[in-house]
Each structure stands twice: as structure tokens, then as C-alpha cells.
Amino acid sequence: MKEPFKIIASGEGGQGVLSIAKIIAYAAWQQGFHTIYVPYFSTEKRGGVSVAFAQIWDKPIPFPKFHKADLWVALSQRAVDRIYDYLHDDTVTIVNSFLVKDVTRIKKWKPYEIDATTIAKEQLGKPRTFNMVIMGAMLKFVPGLSQEGFAKALEKTFKDKYERDASLRELNEQAFNIGHDLVK
Amino acid sequence: MPESKPKRATKPEDFELALPKCARLSSKPHSFCQGCGHPEVLKALGFAIDELGIQDRVAFGVDIGCSLLSWDYFNMDSVETHHGRTIPTMVGFHHANPEGVAVAYVGDGGAYAIGSGHLLNAAIRNENITVIVVNNAVYAMTGGQEAPTTLPGRKVATAPCGADEYYIKAPEIIRNVNPTAFVARGITSVQAPLRTIMKEALTHQMEGKGFAFVEVLSQCPLNWKTLDKPEKTFEVLEKELAQAYPVKRY
Amino acid sequence: MSEKKFIMGNEVMGRAARAAGAKALYGYPITPSSEILHFWSGEACGEQGRKEGLVFRQAEDETGAGFMLIGGVLAGARSFTATAGPGHVLMQDAFSMAEAMRIPVVAFITQRGGPSTSTVIYSQSEVNLTCFGGNGNGFRVVYSPSNLQELFDYGIKIFNTAWKYRFPTFLLADGYLAKMMGEVEVYDPAEKGIKMVPTEAYMLEKDRKRPLSEVVPTPEIDIREDGGRQYECLRNCLNLEEETYAVNMEIKEAFDKAAPEIVEHEDYGPQDAKTLVVAHGLVSSAVRAAVDALAEGQDKIRLFRPITLRPFPEEALRQAARGAERIIIAESAVNQLARFVKESLYGHCDTALEEYFRPSMGILPKEIIDLVTKA
């Protein structure tokens, strides 16, 4: 890898975009990569656009922020409108099409439009799993990250939740696989 | 036969009998103004400390303002802090050394104006310290400015047309936010009960019962402009002040 | 016990304090430093923390937290606080008392945007405040870490510097460092041969190893014997100009004496590079990356990074500047690091100083590369 692989996850505060980036960074670290994650947080805990930066490399990463992402995910319309500046010519873009209705601004990047919200609600019966659908799709594009390794990271991250409710593990797996299979 | 006038004490050894054992004789005569109430408050505190036998256990924090002049009043480990900041300093001390008896000695400006947030919150958290506030209804050290305790209409340096209508009744407030604290108001002119209050406050803290708060009504002849009229000083103290600020346990 | 963890900068600092054997944290929540408080309060109410008597106190404001911290140190506890931005402004009240009375307070600062409330994210604009806040002359020690590992390493070291030399000591981090997550090796300092400097109570000390009068400036301490026991009275309100002068000169003398032992810097990159870039903290990490990227070409650069901002590595900078044809100062603030550089190089260097000031903005490796190659 000549450069770190750079990921941006963006959306509304409280949607869990920070967790998405954090989990992917953690999973990569578990698989032996150097990773850095930093949230680009605003003054309020809630109500602002929320952005997270993650980088994965086989060498130590010099700086937590960057200007252009290789993989870019937007979970809200405001995120598309405000964070599109972080795209380079070949950035892979993914949006949750249930929340992002207008992709004109990023049309030339041919975004993957995934209705993760509807999938989570109707196929899985648990709206919060939409993030897992998105992560499944994202993982297709992160170099060097195996699905098994990712599953292990999830085990550690959700240890407490899985202990309380074991059915959540299966649900997450299902959601992940749906997202993973949606992108070709 | 003319009454024999009591000999005026000038040398440290002259004070030996009149002062508590924990007082530092070499720093006497004290440096407060003539007729000031502070030495009376400190004496009451000192005798209480003597009676409890805790001279070696007290960490004595003093505020800025006239209270700072008490920094070497006692033979006790003492520290002068910043204006209004003695209460948090002693709170921090107490948590790091719960065996010590942390005492904060503060004026009404330090406790009720600049340090009011500290006082109120230390009371709300029921911090296990003793706070002694000397209320002379004026900023004395800085030249007689208006305090939150200055009585309505009183003409002072920063209120030449008369002080504001309202004033703070701190023990009442402390009781309001902390139902279990030791809260009392004393007065310099009646020493024996003041000493008892001090002892009770320190005991409350030493038994680990939490916040102990004593306000003492005190005189400032200099800023009250009653230096040459001691009767007037005590009239203001016992009539005007004590009427606005009832001397009692809360 | 050494272990690699994937954790957030704030947790790194909390763990560093824990590894250093700190006993008390007095603080007030403020972004981006709050998770230090979260970590410590969790430790303090855990089983082990309760057994060890760990103290956590959330004050009513940063002024209160700063003075509680002083109280904790006076009682001899290895104590610290964490703050940022406007809260840091308030805490300078206490830090100036600590500076006057040689009280070894320790503070983790996570710089946020400034001035005023501003953003909670990042800046390097609390350099002036950390080094020179208060109404004194800046006799403090300030470390500027550049990555997560250094947050841990220097997070331990500041306690030793504070207690060995008895100056207020700061770890000047920033919001990115505080909030980012990455790999950090956490360890017990003893494993690395690091001995913790013992603490000593300023008040109610029963077993004093050296007289406090060797530390606290003489006009501020009064020690008397009574009944075979010594009583210490500490004051900071002085009567005379001469006393105040004496206090200042005693502190200055102690600081000047300690400075050569404390001062630290990093000199990174080819010594024959014609361009010298001066940066500190996280920005120096960006410069380090630029040094590596340019190492093979014609535009080689060299990084000079003060690790301690107070005392500042003046002599080392003068040497590094010798022979440099370009000197660039890069900082996420206006003239805060640069002021030190100018002061150090004044009369020692003819090269013009180029300023790259990006107040409250991150500086990326590419910006440094562009600065060097496109000029």
C-alpha cells in the first residue's frame, strides 16, 4: 500500500456514523494493520452533521485527518451536501437512499444507493440494524480486510449486547450479509 | 479611687493567658485593625481547637481580604489561597487527606460574592469540611466597598447613594440545599456560645457528617467609621446586623 | 503487563495517570477532554480503585477544579486535572498560585478552537495560555506530545517532572489527539525502569524528607516550632515589592537551574537539508511525514520539534538553524510557537523566517510538501 486507505462516514449526530468508522478501524487493527480513527465532532452532542475519519495502512499513520477519501459513506442529505468536498476522482461512494433523495451533487461518482433503512425495517424487523447493512456494503471496498476478521471485531465490540441478547448476533450477521451482497 | 486600667498587652508573652494554646505568640500583637472582629472569631476557633486537641490535625486555609491576615495567627499548618478560592482548596485537601481537619476561613466577599459558586456547591455535595465566614457587611481590606451582605441604604465606597435593597442570608440558603449540614450563625460580642458553635462545627466534620458552616457577625470599626465610638460599633453589630441576620442554629 | 491497546487519546491520558500512580483527579467536564474524567471516575468507583482510595471530584467550575487540585497536592497526593479552551482560561487562576508557591500540579490540556467558546475540535492556540497564563512569568513545564504513544509516555513523565522540580507541569495535547483512536502500548513504568518520584505533603506531613523551605520561595513560607513540632504557614499575599522580587528571583533561579535537565527536542530528517521546518505537537507528525516523503528528492527538509515548549530548547534550535537556507514555522495558531522561535534565533540567525499560520486548522503532510516544493 503506497498510501493509507482513507474512509469517511458521515450523517446526522446520533445515527451511529462514528461507530461505523470506529468498528472498521478496530477490525483492521485486529487484523494487524495500523489504523487511526478520529471523529470530526461539533459543539453539540446532537443535531449537527457528524463525520468520522478512519485510515488503514501497513505503516504508522502520520496524521489523523485527510482531504480526500477513498471510501465515502453518507447517511443523510445534509451529509451529502456538506461533505462531498472530501471526494477525489475515484472515491467509492455509498448512500442510504432512504435518507438521501437527491444525489445530483455526487452523480459523477455513481454512488451505490442502498435503502438500508427499509431493508432493516422490513426484512430484518429492527431499524437500528441499517448501519450493519451499510458496513456490509463498505467492507467490499476496504482492501485486506477479511469478513471473518470483521466478524471477530464485531464479537468484541458487541460483547455486552450479545451476552444480553444472543439473537442480536444473528441479526447483525444477516444485515451484514445483505449489505455485502448488494454491491457487486 | 480611680479604677485601675488593665495593662495594654504589647509583647507576645502578654497574650499568653488571653489566647488559645494553638495561637502563635510570636505573631502577636496581631495585624488586624484596632477593634476588628477577626481576632475574636479566631480566638473562639482557637479555643475550640484546643478543647478538641486537634492542633496537629488542622489544615487551615485562609482567603484573601482581611481574613488573609490570619495566615500566621496560629501554630497550625496554614495556607493562603486566592480570593474566594479557599473552599475548593480545602475540599481538594480533604479528599486527598481525609484524616486532616480542613478548615476554610473566609470573609463575606470571598464566600458570598466571588466564591459563592464554590460555597453553594460544596454545601450541595455535602463536602466534609468546615467553613467559617466572617460577615462584617462590607469589603474591608479593599476599602469599604459594597458586599452582598451590606444592609440596604448603607452608604459605602462603591454605593455612595446607598446599598441595594437585597442582601444574602447565607445560612438560610445553605440549610435549603443541605438538610444535614451543621449550620449556625454566631456573633463576636458573645464569645462563649461562639466557641461552642465552633466546637460543634469541627466535631460535625470530624465525625464525618459532612458540611459544617458557621457565619459570624463581626465588626469593622474602620469601614463602619466608628473607630472612636466603640458603643456605636456594638450598636451596629448587635442591633442592626443581628436584626437582619439572626444569631442562631439552623 | 505491557499491552497494546486500541484506545482513544483521552483514555490514553487517563491510563498514563493511572500508570504513574496518580491518586486524585479534580475536574470539570469540557469537550474535548471529558473522557479523561469518564475514565478516571470509572476507575475510582471500581473495586480496585476503591481499594486504593482513588479520588475523583467533579467541581462546580474549572476555577474550583484548579483549586481543589492545589488542595490535593498540598495534602501530598499525586493529583491532576484535565481541561481545554475556555475552561483552561478559568483554571489559570489556580495555576498562577501553583506557580508562585511551587505547587506541583499536573494538567492535561486538550486544545480546542479559540478564542472564546469557538469549536471543540482542534487548535494549537493554547500555547501562550499554557506557557504564560496567569500574572506571572511562565515558570512552568510544558510538554507537547505529537502522537498517541507520546500521550502515554509523557503522560507518565509529567508527574515525575512536576514532583522532582516542583513546577506546574502540563501535557499540551489537542482535540484530535484527545479524540482519535489508535494503537498504544500501555505499560507499568517500573517495567521500563522508570521510577516514580515520591510525593510529599505541603501541609500535615508527618515524615518530611527535606524541608519545604528548600522548595517554596522564602518570603512565602514561614516555619515555626511549637512543642517540638514544626508548623508551616504558606502565603502568597506579600507586603513589599522587595519580597515579591525575591519570590520571583528564587523561582527564576530554580527554573533556570532545572531547565537544562528538563528541556527536550526532536531533530528529524537529513542534516544536510536546506529547509528547516519548526513545528510542535500533532503538526510535527505531519511534518515528519513530509520529511519522509521528500527524503529522496531535491527538496529535502528537516524537522525541528520542541518537545518541551517551556523550557524551550533554544540552544538546540540555534544549532539546527545554522546553515538552513529556509526556515518555516508551521502551527495551527498565529505566532504562538513562532514567538519562541524568534526569541531563540534573535541575534543568532540571518535567515528570514517564513510563517505558515493556520489558526484552529489541522496541517496535513501534503500542505508542508506543497509549501516546500511550490515556493
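Order as written gives the chain letters A, B and C; numbering starts at 1 within each chain.
Simple rule for what comes next: contacts are C-beta pairs under 8 Å (C-beta built on N, C-alpha and C of every residue); 3 or more make two chains touch, one makes a residue touch a chain.
Note that the structure is a prediction, hence the values are computed from the model and not measured.
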Going by the stated contact rule, which chains contact chain A and chain C alike?
none
Compare the CA centroid of chain A with every other chain's and tell me the farthest one.
B
Counting only Cα atoms for the centres, state how far chain A is from chain C in Å.
36
So what's the Cα centroid distance for chain A and chain B, whole Å?
62
Chain B to chain C: how many Å between their CA centres?
38
Multi-chain contacts in chain B, i.e. residues touching at least two other chains, fall at none
Per the contact definition, I'd like the list of chain C residues that touch chain A in the complex.
6, 31-32, 117, 119-121, 176, 179-183, 282, 285-286, 288-289, 292, 362, 364-366
Which chain B residues qualify as touching chain C in the complex?
24, 26, 56-57, 59, 61, 64, 68, 71-72, 74-82, 85-86, 88-97, 99-100, 102, 117-118, 120-122
Interface with chain B, chain C side, in the complex: residues 23-24, 26, 55, 57, 59-61, 63-77, 79, 93-94, 97, 201-204, 222, 224, 226, 229, 231-237
Spell out the part of chain A that touches chain C in their complex, as residue ranges.
22, 25-26, 29-30, 34-43, 61-67
